[in-house]
C-alpha cells in the first residue's frame, strides 16, 4: 500500500452493457441502494462491445480502476457477446497484471437487470480494492518526454 | 543427400515445371552467422538456396503481399504461421507451395555475440554442428546446440504441420522440460518486480516497429498505432505509450502467435518481446486448451467460446 | 459545421436537485463554443419541458441535445420522440443518468454526487459531439412465409397463417406431411387416435388456397433478411404425377422390389413404388428412385406398364425453385435417439428389444387386429434411453417419454389382458395437464413402475427371452427378471434437417443441439435472426399440445410483424472501413446474427473485406471489439465516441 | 551551416591521463556540465546516457547501438504546449547547464555536421536542434575497434578522424590522450585537473594506432560516381527487386546517425495539449500517405528508392555531401540482412 | 532566431460551404495579433500550415490575393480520414486556430509579366489560382500582362469553386473564362468534357504565353501533355504540386521530388524542372 495524497478519491470508470448491468445499476438507484460514488459509467450495447483499448486507454488516462460488467452467461441480449468478452478479458486481465499492473485495478462482473444489490456490492468492492491500491501510476501517461535520453 | 541439395532439387523442379512463380528461401550473402531471404524465379538460380541453422527468418511474412504462386521454405513454426494465415483468409492454400523443413533449431546470433563478450565476428564456418568463428583477435569453435534460440529450446513443433513437400525425415519430438520456465518465474515475482522488469526492457524500445514488421501475423493494413479516429496509442517513446503499444500488439497475437521468435530476433535493442507473446500463448493453452496454427479451418480462440470457459476472475 | 448542442439539466421535482447541485453542474458545462445553451428544468419530461426542448431546437437551431436527468431506459423513448417531433434524428440525443445512477444512490454524498453528475454530463456531451443523425431503416415487409417442416407444428403454423390470409410455402422433405405424429398409435393422456385427429388437419393443408405445399422438397439455400428472404428449394423428382394417380394399387402389385417400410420403422415392407402412409397427404403413390430398378438403366418398367392413368414417367429430374418470403418459421422437428448406441440394451441385436416408435407401429397394427408379432406377456419399458444421460451427452429430459411409455403400457395392457408390464424409470415426470391422473390410472390398471436404471439385458439364445438386471433404487434391491419384450423409451434429439437449416440461417443452437430461442422466457419462439421463428420440437423436446401451442405462437409473432407492412430496423449497426479491413474474418466468426460476410470487393487485386448486412446486424459491437485493425466499428456507439468519453475522466 | 572554429596548431597541446584516473576527469566534468557518454544498457547494448558519476561510463565498446543524433534531435520532443485553443507556449529551450558528450565515435561526430546542414542550414533554422548543438561540447573517442560492417573510410572519415569534434581522445592502452580541436574544447581541457602533458612519443603512437585501426576497417565501397549514377537510374528495373525482402521497419533509419525524418503530432488531455515532433521513417507506408488515401510512395519499391536516393543523391545535391558516415548500424541490425554496401555495389555494377 | 514551428493565432472570421457535396469549405481568417498581420507578406501561389490545437496541422494554398489585406482565405476539402480537414470543417466562426507561413516559393510573377497568361485549374486546386487571377486582374497589375484566359474544370456544376468570383470576372472583358464539367448536365451553358481534351480543342496559342496548371495529379499530367503538344515551352508550363507535409520547411523529409522539397523549393515548379526531377507529377 502506498501513501495516499490527502483527499484523494479513486476515479473508476465502468463499462456496463445496456441490457443487464446498466439496468442493474438503475435498479440499485431506484431502490435507493447506497454505494460509493466513485464510478463513472459508460453505457455500451454489450460487454462484447468493450474493446480492450477502452480498458487500456482508461488506465493510460489515469483512471484508478476499471470495471466491465455484462449479462450473466446465457443471458446475453445478443446471445453470446459476453462469452467472447469473457475470453478476451481473461487474457487481457492476466496480461495487464503480468506486466505489473496491480491486481485489483481491472475488474469484471456479471450483473443482471434484477441485481441492483449486486451492482452496489460490486461497485463498493471495486472502490475499496482500488482505494487500497492508491492512485494509479504505472500505466498512466504523465506528460511530455522531453529532453534527451532516458 | 543432404537437405540443402534436396531442397534445391525440389525448388528447381517447381520452377522448371512452372508449378510456382517464385521460390522464397534463404541465401548466404557472406555475412557471418546469418542468411538473408531470397526470391528465386529462375531455375538456374536455385543453387543460391541454402539450408542451415542460420535460416532464422519466418518467410511466411512474405506470403501475404503476394498475388502469384509462391513456394516457401518453411520450418515447423513457419508452417504454423502459414496455417494461421490460411485460416485468416490472408493466403489461399492453392497459392502457396510449402517446402517443409524439419528443423532442429536455429542459432541465436545474439547468444554467440554475448558468449564472445560482444566480439566482432568476421568469419564463420559451419561444419557438422560446429561453428568456427573468427574475429580479429580470436578464433573459437562453438556447438550449434549451445546457441539455439530460446524459442527453439521450447519448440514442440519442429516438423512441418502442413506442407506440400517435406524435405527430409521427421525429427523426433524435443524433450521440452519446462516450456514456460521464464514466464513462470516472472509470474511468481511481485507485481512491483514484474513492472520493473517490463519497464526496464520496454524502455529500450525505440518504436521502430521491426517486431511488428517481422511478424508474419501482423499483416493489418493499418496498425492500431497508425489509427486516427480515435488515436489509441501515442507515438512517443514515453514509457506509457511504449508499454501500451506492446501490450496491445501482444494481445493481438492472442491464440495466433506461433512463437517463431521473429519479433524478438528483429529487435535492434533486445527488448524481451517474447516474454509477452509467450505468456499469452501460455494463458490461451491453460484457459482454452488452444494452440495456434496446428489445424486448418480452426477458429482463433478469441473468435470462439465454450459456455464453460473459466470465469473465476469475474465477480 | 460545429454542432450546436443544447443541454438540459432536470431537477426531477427534487429527486435530483435535492442532492445534486444543479447550478454547479450547469456552470461546469460552460465554455465550449458548441454548447449553445444550458438550461435547467423542474420536470424536463413534462409536456412543458418537452415543449421547451422543441422550441429551443427551432429557435436556437440546436442539432444535438444532451439531457441530464433520469435513466435513458426510463424516459429515453419519450425524448427520442420529442427529437422526432422537432425534426431531428432521435440518435443525436444523449442522456446523462444523474438520477438512478447519481442522486438516488448517492443521496448521502451530495458533493460527490454533484461531481459525478458533472462528469456523466460531460461524458454525454463528449459523445453527443460525435453523434450522427441516424434514421431508422425502414424495410417494406410483405405477407409471405416459409415454413420449413410439415410435422404437426409446421401444419398448425401453416393453417394459422393460411387462414389469416398470408401466403405460406410449406416445405417438407418427405413425400407426405404429418411428421412423427402420423406414426403414433394414440396420444397421451386422452388416448385419442393420432391418425384420426391429425389427418383432418393434414387434409386441410392442400385445400387451403393460401398454402403452397411442397413435399419431397428440401431447402437448399436462404439468403437475405426480414422482408426479403431469397429461398431456393430442391424438389425431388416425383416420377408419379399426383394429379393423375388414382391410387389404384396396380403398380404396387406389379413392382418386383421389396424394401423395409420406413413408416413402420422397418417392421413391415413396401415396394419401390408405394403409398407413404394410409393417411399420406398429398395422397399419391411415389417412386423410390434409390431402389427402383426402372430408372438407371431402364431394366424394369412394370409399374409404368400397368398404370392406366399413365401417371408414371421415369424421365423426370429434380428441379430447383426460387421464391421470396418475408418471414420464416422453422419446424424441422426431431429425431429419436438411436438406441443402438446404448449397446447394453441390445437394440438391433436382440430380437425382442424395440424402441418406442417401433412399439407405436406395432400397436397401431395390433389395434387394427393385424398384430405384427407376438410380444408375449412380460413387457418391460426402460426410460431415459438417450435422455438425462451424460454418457451419451444428452443431459436434457426429453419430456415425453414418461407419458408415452405410460400410454403404450396402458394400450398394451388393454390390448390383451393378462400382461405384466414394468416401467423402469429414473424420475417420473407427469407435469402436464391430465398427466398425473393418467399415471395414477396406469398404476391402478396394474402397470408397475420401478425406480431404477437397467444395467444390462441378456438374451437367452434359444428362447430369445430377455433377462433384465436392475437396481430398484427405492427398495435398494437388485432385480433380475425375465421378459418377453423390452421397449426402450428413446429420447428426442435434434435432427440433421435442423442442423442444415440452422447453418443456412445462422441460427444458434443451445448446448443440447436444439435451436436457441431469442429469450427463454420472453421470446421463446423468436430467434436472434429477425423474422425467423421456431415452432415445435426444433426448439427442444415437447409434446403435441406444446408443439401446437408454439406453432400458434410462432405464426402470431410472424403475423404481428408482417401486418405492419414495414419493419423498422435499428440504425445502430456495425460498420466496416473497407480501406482498412483485411478480411481476416474474425468479425464474421463472432457475429451471432450472421450479419457479416467476407467478400471479395476488388476482383482485380483479390482484396477481401468484411461486409455488414445492416438489416441483420443488431449493433452489439462484438465484431468491433474483436477487430484488430480498427476496421470494424459501430455507428452510434463508435470507438471514437467512447474514447472521447474516457478522456473526460 | 556551422563553421567550426579552429585553434592554432601551437595551442594543440595534447594531454594524457592514466586509464584508471579517467573517472576523475568525468567526475570533474559532471560538476559543471551535463555529461552524456556510453553506458552499458544490457549485455550487448551500449548507448548514450546521462552520466551521474564517472563509474557509469563504459569506454570499452565498439560503438553505441543507437547513434548520437538523439542527443540533439530526440525521438520525441515537445515543440510547444497550449491550453484549449490558446496560442502556443514555447518553453525555454536553453538547458540549465552546458553539455558534454564524452566518447562519441568519429563517425557519429561527422553525422552532426551533416545534421547541421539540415537543421542549421541557410534557410530555415531549427531552434530546438541548434540550442542543443550550441550548448554541447564533443569529446570524440577514436575508434580502435572498427566492426566488420564499418566502412567509414570510404566516406573519408576513418576511425581516428579528428574532424567535427571539440576534443579528440584516443585510447593508448594504459592511458587516454586528449587533443583539443576547437577553442572551446581546449578551454575545457585546460580546466580539467590531473591531466598531464602527453609524452613526446604519443603522436607517433597515435599514428601507429591509427593505421592499425584503419587496417581493421575491412569493408570498402566505391561512392565516387554514385550520385551521378543514381540520377540516371531512377526508373531502372533494378528497383523492382531490391525491396522484396525489406520488411519496411524503421531500424535502418532510426539507427542511422544522419536520418532525420520526423512527424509532428498533437497530444492532448483535457484542454492541455502539446505539439510534439517524433522520429518518422521513409520506410513506413504511412510516411507519405495522404488524408485522401493517395500515397505517392505506395510500395516498398518507391520507399527503398527514396531512402537510397536521399542519402546518396538528393542530400549531395542539396548539401554537397553524402548522408552516410559508414557506421554500419543499418547493416548490423537489419532483421533480414539487407546490406547497404552490397546494394551500392549492385548499383555501381548496373549498366 | 524565429521559431519556424510555432503558429500564429488566427481567428475564423467566416466559413462558407463551396459545393453541393459539402466537402469543400472556404475559410476566411484574420490574425489575432496585429503585428502578425503586418509581418505576413506573401506572394500568389504560396501556402500556409493551418493547425488546430489537439488535432494537428496541414498545408493549404492561400486563396486570397496578397492585395487583399483584410482576410486570408483558404478552401479546404474534407476527407473522411483527414483528422485535420474534418476538424476544420467542424469549426464554427470565431474559433481560434494556428497559422504558419507563408511557405513555399509562389508563382514567378516577375517572369510572367508582359506575357499572355493561361490559367488552368481543376477541382478544388483552384485555390492559389484564384489568388493569382485576383492579383493579375487588379487594376495596378492588369496592364503588366497580356491576354488572360482562365480555364476551369470541375466534375459537375455543383463542384465549381468560387462561383461568385467567376460570375464577377465573367463580366469583365479583359479575361476570357472557359468552364468545363465532366458530364453533360441540363442548363449548363459552358463546355462539357474532361479538362485535357477540352483544353486541346481550345488550342490556346503558345505564343508568348505562360500556362499555369493546378489540379488533381491526373489532370496536371494530361493537361501538361496537351500544352506540350501545343508547343508551350517546358519552362513556360508552370504547375503547383501537393504532397503530405509536416514541417513545411524542408526538414521532415516527406514532400520531396528528387532533391527538391515541395514545401520549400516548391510548390510551384516549371515542367522543365519536373522533368529534371524525374517526375511529371509526384
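By written order: A, B, C, D and E. Residues from 1 in each chain.
Here, a residue touches a chain if its C-beta (ideal position, glycine included) is under 8 Å from a C-beta of that chain, and two chains touch if they have at least 3 such contacts.
It should be emphasised that the depicted structure is a prediction, and the values quoted were computed from it without experimental measurement.
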| item | value |
| --- | --- |
| Minimum number of chain-to-chain contact steps, chain A to chain C | 1 |
| Chain at maximum distance from chain D, centres defined as averaged CA atoms | C |
| Selected pair, greater C-beta contact count between B-E and B-C | B-C |
| Label of the chain whose CA centroid is most distant from the centroid of chain B | E |
| Rounded Å distance between chain D and chain E, as computed from the means of their C-alpha atoms | 40 |
| Between chain E and chain C, distance of the C-alpha-averaged centres to the nearest whole Å | 63 |
| Chain A and chain B: spacing of chain centres that average the CA atoms, whole Å | 35 |
| Cα-centroid distance, chain A relative to chain D, in whole angstrom | 46 |
| Multi-chain contact sites of chain C, meaning residues that touch two or more partners | 579, 590, 626, 639, 643, 647 |
| Touching two or more other chains - residue numbers and ranges from chain E | 81, 83, 95 |
| Multi-partner residues of chain A (each touching 2 or more other chains) | 52-53, 57, 61, 80, 84, 88, 141, 144-145, 150 |
| Residues of chain E that touch chain D when the two form their complex | 1-9, 32, 51-58, 77, 79, 81-85, 95-98, 217, 243-244, 246-247, 249-256, 258-259, 264, 278, 282 |
| Complex contacts: residues of chain C adjacent to chain B | 511, 579-586, 589-590, 598, 605-606, 608, 626, 628-631, 639-640, 643-644 |
| Complex contact set, residues of chain B against chain A | 186-187, 191-199, 203, 224, 232, 234, 236-238, 240-241, 243-244, 247-248, 250-251, 254, 276, 279-280, 283-284, 287-288, 301-307, 309-311, 313-315 |
| Chain C contact footprint on chain E (complex, rising order) | 15, 81, 89-92, 94-95 |
| Chain E-touching residues of chain D, taken from the complex the two chains share | 79-80, 82, 84-88, 90, 118-119, 123-128, 130, 234-235, 260-266, 268, 271, 273, 275, 277, 280, 282, 287-294, 296, 306, 309-310, 313-315, 317-318 |
